[in-house]
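Labels A, B, C and D are assigned to the chains in the order they are written; within every chain, residues are numbered from 1.
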Amino acid sequence: MSEMQEMIMESTEKILKEYSKKEIVNEAENGIWAKELWDNLEAYGMLKVAVPEELMGNGGDQYDAFSILYLIGKYSAPIPLAENYIVNKLLMDLGESVQDEFITISATEHKNLFQIREKDDGWIVSGKAKYVPWARFAQKILVLGETEEDTKLALLPLDNAKIKEGKNLAGEARDEVFFDNVYVEEIKTKSVDIEEQVEKILYTGGLTRSVMMVGALENLLALTKEHISERSQFGRPLYRFQAVQQHMAQLAGEFAATNVAVKNAISSYEKNPVSKEIAFAKLRVNEAIEKVNPIAHQILAAIGFTFEHTLHHSTRRLWSWREEFGKESDWEQIIAKDLMNLNQNELWSLITNVENSSQKVDVK
Amino acid sequence: MKALRIPVVELPKETEALRNEIRAFIKEELESGSIAPSCDSWLCGFSPELSKKIGEKGWIGMTWPAEYGGKERTSIERYVVTEELLAAGAPVAAHWIADRQSGPLFLKFGTEKQKHFFLPKIARGECYFSIGLSEPNAGSDLAAIKTKAEKVEGGWLLNGSKIWTSGAHLAHYMITLCRTSPQDINNRHAGMSQLVVDLSAPGVTIRPIHLMTGEHHFNEVFFEDVFIPDNMVVGKIGNGWAQGMTELAYERSGPERILSTYPLLNELTNTLIENKDEKGLNEVSKVVTRLWTLRNMSLGIAKLLEEGIPSSLIASLVKDLGTQFEQRMAEITRLLVSAIPSINSESKLEKLMAQAMLQSPGFTLRGGTTEILRGIVAKGVVKA
Amino acid sequence: MKALRIPVVELPKETEALRNEIRAFIKEELESGSIAPSCDSWLCGFSPELSKKIGEKGWIGMTWPAEYGGKERTSIERYVVTEELLAAGAPVAAHWIADRQSGPLFLKFGTEKQKHFFLPKIARGECYFSIGLSEPNAGSDLAAIKTKAEKVEGGWLLNGSKIWTSGAHLAHYMITLCRTSPQDINNRHAGMSQLVVDLSAPGVTIRPIHLMTGEHHFNEVFFEDVFIPDNMVVGKIGNGWAQGMTELAYERSGPERILSTYPLLNELTNTLIENKDEKGLNEVSKVVTRLWTLRNMSLGIAKLLEEGIPSSLIASLVKDLGTQFEQRMAEITRLLVSAIPSINSESKLEKLMAQAMLQSPGFTLRGGTTEILRGIVAKGVVKA
Amino acid sequence: MSEMQEMIMESTEKILKEYSKKEIVNEAENGIWAKELWDNLEAYGMLKVAVPEELMGNGGDQYDAFSILYLIGKYSAPIPLAENYIVNKLLMDLGESVQDEFITISATEHKNLFQIREKDDGWIVSGKAKYVPWARFAQKILVLGETEEDTKLALLPLDNAKIKEGKNLAGEARDEVFFDNVYVEEIKTKSVDIEEQVEKILYTGGLTRSVMMVGALENLLALTKEHISERSQFGRPLYRFQAVQQHMAQLAGEFAATNVAVKNAISSYEKNPVSKEIAFAKLRVNEAIEKVNPIAHQILAAIGFTFEHTLHHSTRRLWSWREEFGKESDWEQIIAKDLMNLNQNELWSLITNVENSSQKVDVK
C-alpha cells in the first residue's frame, strides 16, 4: 500500500468508526438515511474515488475504491457507496462526468428495458425495476432503456417515479421503482450495447459485493476471536476447547481464501472489468457464507443471536449480499460457459492463465 | 487479521516460457508412453528414469547455488515446475522429498562437505531421501519419539524404529529424528538430533507396510546398532526438533497439497466437455473456483517464503483447505458421471477415480492431520 | 451397537382418524385466516386463542390421567398431534412447554395438590410455562448456575436471574432450577432444586432480549427476594439436577427438532412441482429422504419412551441430526429457486425462507448445543 | 426377534467368524472362491431362506434373509449371497422352484435384452452383460431376454459364455459376460413384463445392498470405537479428545439413521417389493458413505489405511456397494417422480403415509 492509500484507509476507517456505529446501523435498518456518514464521506472526497479529475472525480485508482468498500463491509455501513461507484464507473467509461447527487442503478435483467419515447420537448418514460438498492434515497436512477432508435443507458430523475419500499435480510433498502408514463423534461442518455452494459454492471456489482462481504467476514472473524478469547465455560477459556478450535480454524480458512480471491479479482479489474477472476471471486465468497455464518453463530451461541450484539450486522449482510449481483448458480453458469469452450486437457491453461504454446484458445 | 492476508502474486512473464518448456517435455513423455498421468503421483509415482530426465533439465534443486549443482532460479520458478509436473500427474516421487525438503535442510544446516556430497547428486535426480519422523505410538505427537542414538567413537549408534516412511525401500538415505539425550519431561522437545542414515548400512531393516490399496509405498524401518559417522549429523546435536520444524514449513503449503487429484479433475472436465454436459460443468465450475483460490493462496505463501516471511499459521491453513479439496474430488466426480471407480478399468476416468478414492484417506493425515492443523490455526488466530 | 438401534414403529390404523381430525381442524383455521403457516412456530408462534381451541379438542396433556384433565391417550397419539401441528406451521408456542415438559414433570414429581392445580389448566390451553435453566455465564455448563433460594418460614426466598427464557413475558409460571445449598466443588450437581415461580409475583422482573430478527421471544428474568411458598417446590429439595435431566429427555428427540422449517420445505416442494422442475425435485428427494429417516428415528424413540426405556444417547443423537437438518433447509432452498429471502416479501416462499434463515442459528443452540450433544453421544458410544 | 430368528443369526455369525476371517476375505479379493464359507452356509440351509418349502426353499421370511445379509455386510463376507437371494426371489415370485446351483444375475438395464432364438431342438443366445456379480463362479445366469414371441426371464448355463474378469473397489468379482451366438440345448424361460422385472431387481438389489452396507457400517463403528477406547495420544486416551468425540458422534448418528432406514424398508418389503421405503433407504445409506468413510479413516489414521488393518474391508465395500443397484442420482429420480405427482401441500401425506381424507392420490 502506498502512503496515499494508507491515508485514504485511515480517514475512511475514522469516519466509519464515528458514523457507522451500532446505533446508526440499527436506525438505518428502520429506514433512516445515515446522513452524517454519507456527508462525511462526501466531504472527504470518498464518493468520487477512482474517477479522473477531468470527469469531476477525485483521482485514485480502483484499488482505492475497493479498499474503501472493504471497510464499508467491515463496518456494516448502511449507505449505497457500492452503487455510487458502479454508476461512476459506467458514466466514466462512457466519457461522462460523475454527478454530485446520489444515483442508484436498476436491476441487471436486460429483458426489462425501460421505454423512452420523445414527446414535445421532453420524454415519456415507462418501466419497472425491482429490488433497486436504496432507491428511496436516490435523486436519480441509471437504467437500461430503448428509444425509437436504439438502446440507451439513461439517467432518470426519480421525482415522479413511484417507489414501493422493500428491504433485504440486512434491512437495507431494496425498493421497487415504477415509471408509469412519466413525463421527464430532460434526460441524459447515451447509446450503448445493452449486453455489454449488463455484463459490466453484473461483474462490477459482483466485485463490489465480494469485497464488502470479505470486509464483513473480517468483522465476523474479529468478533468470534474476541468472544473465544474472553469467555470461559466449564472453567476453561473457550479457545482452549478443541471443538471451538476446529470451528475457528475453518473461519480463518474461509477468510484467508476469500481475501485472496477478491484481491486477485481487484487486480484483474483495472485491465478487464469482466474478468473471469471476478466470477471466481464472487462464487468463492458466496460459497463461504453457508459455512461461515452458522459457525460464527454457533461459537457465539445465544449472545450472538441477540439484537444487542453486532454479529448479526455482518451475518445478515453476508446472507443478503450473496443474493445480489449474481448468486452461485449465475456465476457457475458463466464459468461453465468458459469451460465448455476448452479443448481437451486445457483446463490447466485456464487456471494458470497461460495458454499452451502449441494451441491458441479464446479464454476470457 | 493481518496474519491471514496472503499477497497477490503476478507471475513474471518469463515464467511462461519455462511453463511451456515443461509442458513440451511432459507432452513428449506422455506421447512416447514413458509416463501416464496418475493421481497422487508425488507419493506413488516412483520413476528414477523420469527423475533423472528432470534432473538433466535442471528442474531439481533449481533454486540452489550453482556450486552445489543448483540453477539459482527463484522459488516462484520452482513453484511453476512443481505445479506443472503435478498437474500432469507425472511420477515424481523418487526425487520429491530430496528436492523439497532434504536439500533445503542441508543448505540451511549442513556442513560444506555434506552440501558438496549430497546436493549435486540430488540435483541430478540420482539420490533419493526419505523422512524418519513418526514412530509407532507417536503419530501426531512427534515429541514422544523414542528412537535414540548413543555417542560412540567417531559417531553415533542408532537404535529404534521409524514408521510410515514413504519410499524408504527405494531411497538412498533417510534423515532421521532421534533422541541424543534422555527424554526430559519438562522440555519435551529438547535433546533431539537429525542424523543421515544410509539405508544400505548394516543394522537397517526395512519392512514394507502395504496400503489398503495393496500398494507398497510406506515402510517400517528398524535400526539395530546402526553406526552413523559424526559427519552425518545434520546441524547441531540437540537442535533436531527446531530443525525438523523448519523442514515442515517447506512441505505444508506447496502445490502437492492441492493437486494430488488434479489428473482426475482434468479427466472429468474432458469427459463433461465431450458430453456437452452443462449441468455437470456448472458443478465443476465450483471445483475450479476453489482450485483457483487455493493456488493463489499457495502461490502467495511461496512468495512470502521467498521473502523470508514463513508463517506456520497460513501454511497450515492452506494445507487443511487444500487436502480437504483433494479428498473431495472423487466424491464430486462420481456424482457427475455414470462411471464406476475401478482400479483395473479400461476407462481412464474410472481408473483415476479409483486412485483418487483409495488414496483419499492419506491426504488429510500425512504431514499433519486436519485436527492438528486446525489446532495450529486456531491458536495462531487467537494470538494474532 | 444395540444402544444405537431404534425400533421400527408401525403406527396403529386408529391414528389415521386422529390425523385427519387434526388436518381438518388446521384446514379450517387456515381457511378462516386465523393462522398462517410459519417456520419455528413452536417457539415464535404465540396464540392463546389457538392454544385454547387445541385444549378444547383434547390435544394438550392428552396422555395424562383423566383426573388431571388428561385424555389418557398414548404417547404415539400425542406424537401424531404434535407433528401434525408443527408440519402445518401452526402457532403453538403458548402451551408448548407446559404440555411437553412442565406437565410431565408435575406428573412425575409433583404433589397431588400441584397436579390438581396446574394440570387441568394446562390441558385447557390456558396456563403457560417457561423454563428457567440458563444463566449469564452458565450457558452449556448448567452446573455453574448461581441463582439461589434460601429457606424462610413457609417457603423460600429466591434471588438471582435466568436468561434465554422463551416466552417468560407471556407465560404464567416458570419452573426454575436454583441452588438450595451452597455450591459444592466436589459434587457440582448437588444441592439444586426446582421451584415454581409465579411470574406475576413481586420481585420478578422480566427484561426482553430481542433476537437479531428484532423479535421478542427470549427474556432475562430477575428475582429479587421472590417468595416461593413451600408448596411450590417441585419434587425433593436437593434433587433438582436429576429432575431437570429427566425433563430434558422429553425435549430432545421430539418432532420439534426436525420440523421447525418444514413449512418451508412444503412451500419449496409446491413451487417446484408447479414449475415442473425435475432437477429441483431431485434435490428435494434427498431432503425428503432425510426427513423420512429422522421422523422414523424420532418415532422410534417416542416408542421407547412410552415403554419406559429412555436413552439420552439416541435422543441427543436425533436432536443433533434433526437440528442440522432444520438449519440447512433455507440454504438448500435458495439454491433451487430464484427467490430472495425477505421477511416482508409478498411471496410466501421468500417469507418462509427469511424466517428459516434468520431463526436458523437457534436450532443448533437451544436445548443443548451441537458440541454438547456430540460429546454425550460419543461418551455414550464408548461406554455402550 | 423370535427364538428361531435368533438361532439363525447365531449360526450365521458363527459360520462367518470362522469362515470369513481377514485372510479369507483377502484371498477372495485375489480371485479365490470362499468355498468353505459358501458350503457351510449351504449346509446350514442359509442359501434358501425366505423361500417356502414347496418351492424347494427352507422357509422363514424376508426378515430372516435380510438379517443374514446384514451379517454378510458386517463380516465383509466375500460371497454372492445377495445375488442368490435376488434370484431366489424372482424365481419364487414366478412360482418356480429355487435351484441348487449358484445363479448370478445380469445388470438391470432393460435396453440390453438378450436375444434368444429357437434353433433345431435348442436355442441360440446372443447378448452381453457388464458388471455381473461373481459371474466367474456362477453356474448359470438369470437374464432378461426376448424370443421371437415375447420378453422373458431366462436362466442360461454359463458353460459356453465368454467371461472377462473385473472387480469393484472391494475386489469383488464384477465380470463381463458375453454370449456370442451360443447354442444352448435347454433353457428355462418364463414370459414376463420386462419393466416390472427390472424394477423388482433394482429395488430388491438396492435393499440387499442397503442392508449389507449398514452391516459394514456397524463393523466400521465397532473398529472405530475400539481404536479410540484403546489408543492414547499426547498422554490421553483418544476418546477424550473433543475433536475425536465430534467425529465419533457423527459416525454414530449415521449408523443409527441408516439402521432405522433399512429396518423400515425391510418392513415394507414383504408387502411391496418396490416400496418407496426401499428408495429412501438406499438413498439414505448411499449418502452416509461420503461422510462416514472419511471420518473413520481420519480417526484410525495411518493404521486404518494399511492393508494389515481390516477397516478397509468395510470402507472399500461401502464405496463399492453404493454404486450398485442404483447410485444416488438413480434413486433421486425415482423419488422425484413421486414428488412430481403430488398435489399442493401433499408432501406431508407422502411422508406420513396417510393421505388427506379429503383427497385421494396414487402414491406408490
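Everything that follows uses one rule, which is that a residue touches a chain if its C-beta (ideal position, glycine included) is under 8 Å from a C-beta of that chain, and two chains touch if they have at least 3 such contacts.
Each chain and its UniProt protein: A, B, C, D = Acyl-CoA dehydrogenase.
Predicted model only: the values in this text are computed from it and were never measured.
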Averaging only over C-alpha atoms, locate the centres of chain A (Acyl-CoA dehydrogenase) and chain C (Acyl-CoA dehydrogenase) and give their separation in whole Å.
40
Expected list for chain B (Acyl-CoA dehydrogenase), residues touching two or more other chains, is 371, 374
What parts of chain A (Acyl-CoA dehydrogenase), by residue number, touch at least two of the other chains?
241-244, 246, 328-329
Tell me the shape of the graph of touching chains, choosing from line, ring, star, complete and other.
other
Can you name every chain pair that touches?
A-B, A-C, A-D, B-D, C-D
Using the touch definition from the top, list the residues of chain D (Acyl-CoA dehydrogenase) that touch chain A (Acyl-CoA dehydrogenase) in their complex.
241-243, 246
Footprint of chain D (Acyl-CoA dehydrogenase) on chain C (Acyl-CoA dehydrogenase) - complex, ascending
1, 4-8, 10-11, 16, 19-20, 23-24, 27, 83, 87, 262, 265-266, 269-270, 272-274, 276, 278, 281-286, 288-297, 300, 313-314, 317-318, 320-321, 371, 373-382
Which positions of chain D (Acyl-CoA dehydrogenase) touch chain C (Acyl-CoA dehydrogenase) when the two form their complex?
218, 221-222, 225, 228-229, 239, 242, 244-246, 248-250, 252-253, 255-261, 263-264, 267, 277, 279-280, 283-284, 287, 328-329, 331-336, 339-340, 342, 344-345, 347-348, 350-354, 356-358
What does chain A (Acyl-CoA dehydrogenase) use to touch chain C (Acyl-CoA dehydrogenase) in their complex?
131, 166-169, 174, 233-234, 241, 243-244, 290, 293-294, 297-298, 301-302, 304-309, 311-312, 315-316, 319, 323, 327-329
In the complex, go through chain B (Acyl-CoA dehydrogenase) and note every residue touching chain D (Acyl-CoA dehydrogenase).
134, 139-141, 144, 163-164, 209-214, 218, 327, 331, 334-335, 340-345, 354, 357-358, 360-362, 364-365, 369-371, 374
